[in-house]
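One structure coming up, written as structure tokens, with questions to follow.
In order of appearance the chains are A, B and C, and numbering begins at 1 in each one.
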Amino acid sequence: MDAVSRLVAIAEIEALKARYFRCMDTKDWDGFADVFTADAALDISGEMGAHPSDDGVVRGRSEIAAFVRNAIDDVTTVHHGHMSEIDVISPTRATGVWAMEDMLRWPAGAPIRSLHGYGHYHETYAKDAGRWFIASTKLTRLRVDVEMPD
Amino acid sequence: MDAVSRLVAIAEIEALKARYFRCMDTKDWDGFADVFTADAALDISGEMGAHPSDDGVVRGRSEIAAFVRNAIDDVTTVHHGHMSEIDVISPTRATGVWAMEDMLRWPAGAPIRSLHGYGHYHETYAKDAGRWFIASTKLTRLRVDVEMPD
Amino acid sequence: MDAVSRLVAIAEIEALKARYFRCMDTKDWDGFADVFTADAALDISGEMGAHPSDDGVVRGRSEIAAFVRNAIDDVTTVHHGHMSEIDVISPTRATGVWAMEDMLRWPAGAPIRSLHGYGHYHETYAKDAGRWFIASTKLTRLRVDVEMPD
């Protein structure tokens, strides 16, 4: 790939990840589903709480959107990404690492009040029909602070 | 527009917005005014507190700089932007969405102690005489936490 | 330099700084040392606490890595960068300003519990043998919040 094609791929993948964050936090679930490949994998095996499957991985675009929606649709969430490291492997494949911070606040009556976490996304991307999608994403943590109700 | 022209425009607009944040937080008010078009519009109609006009919009580069300076010149402020989605519409027009976080701490004696907020900027940009400027900016919020004095 | 060469340099320097943050927070000290030139300078003369030298500057790749490792190897750290302003001066020289936020939490028994700070990095970069490195970095602060043990 030439330099321009690589730069265009990086810019498109960064905008894709921006859409992932914005759709999640504004609860635009159709837009959120649309950032993933049909067979995408969301690996949250390192996270606390109930796991979506034996291995902590949710598989499939619709399943990921449904899982995340169920988890946070009534939660005030703020997810920020920083400092991408995108490696374009081929015209249709790329990997990326992102620093991340998430702040969740549950409604009154929930068993948890808030979570404030920090970590990294480790991702792969695939291009299909002229567009990039998230093919897999795995979250690792540096720190998680949780507040429980009084 | 070709791919390189679009990439250059995105890079220049991202550096422009970086200057907006840095000048605001270091209280460089001449530098801050310089990021806006002469007829720029700052829409904070969704914000709490006193509004600059009936519709919550400040109009004009000098008016925006004076309004923001008056609001935060003696406040310790930190504004961070993340995850830009820049759409270059033409060689001289673009739109952008940014995730944002702001942390304000007022001096002792002020009626408010601190504000910690999260949301998005929705912006338009215009290029004139070889440089990009912010033509309009509107702030929407995901969450705002306020502390009042004891 | 042509537009594409500048864009490639900016993308490489942004990925370099991302590696700086990731290696520091995941305590990958070999990877951390590798982002600096052999004679790099780390200027923390504006920081609190014990200074590494009379002028607050650590000089040399190995010395910087050893100094930072000694300071934070047993501290849970999160460092985020935002909003780069990269100026490519020549094919092998560049400058950059970054907004930053750092969150440090010491283990129990340390004389300090936590630090949460905000500021800017002011940096220079050099390219050698086809790769960019951080040649100098100086930290200025907007705000620092410290918690001491009870």
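As a convention for this text, a contact is a pair of C-beta atoms (placed from the backbone, for glycine too) under 8 Å apart; a residue touches a chain by one contact, two chains touch by 3 or more.
Here the structure is a predicted model, which is why all the values come from computation and not from measurement.
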Copies subunit B and subunit A - interface residue numbers shared by over half, same or different: different
Size of the rotation, in steps of 5 degrees, that lays the CA trace of subunit A over subunit C: 120
Euclidean distance of C-alpha centroids - subunit A vs subunit B, Å: 26
Subunit A residues counted as touching two or more neighbouring chains: 4, 7, 82
Residues of subunit B defined as touching subunit C within the complex: 4, 7-8, 11, 14-15, 17-19, 21-22, 25-26, 76-78, 80-82, 103, 105
Residue numbers on subunit B that touch subunit A, as the complex places them: 3-4, 7, 10, 82-86, 97, 99, 101, 118, 120, 142-143
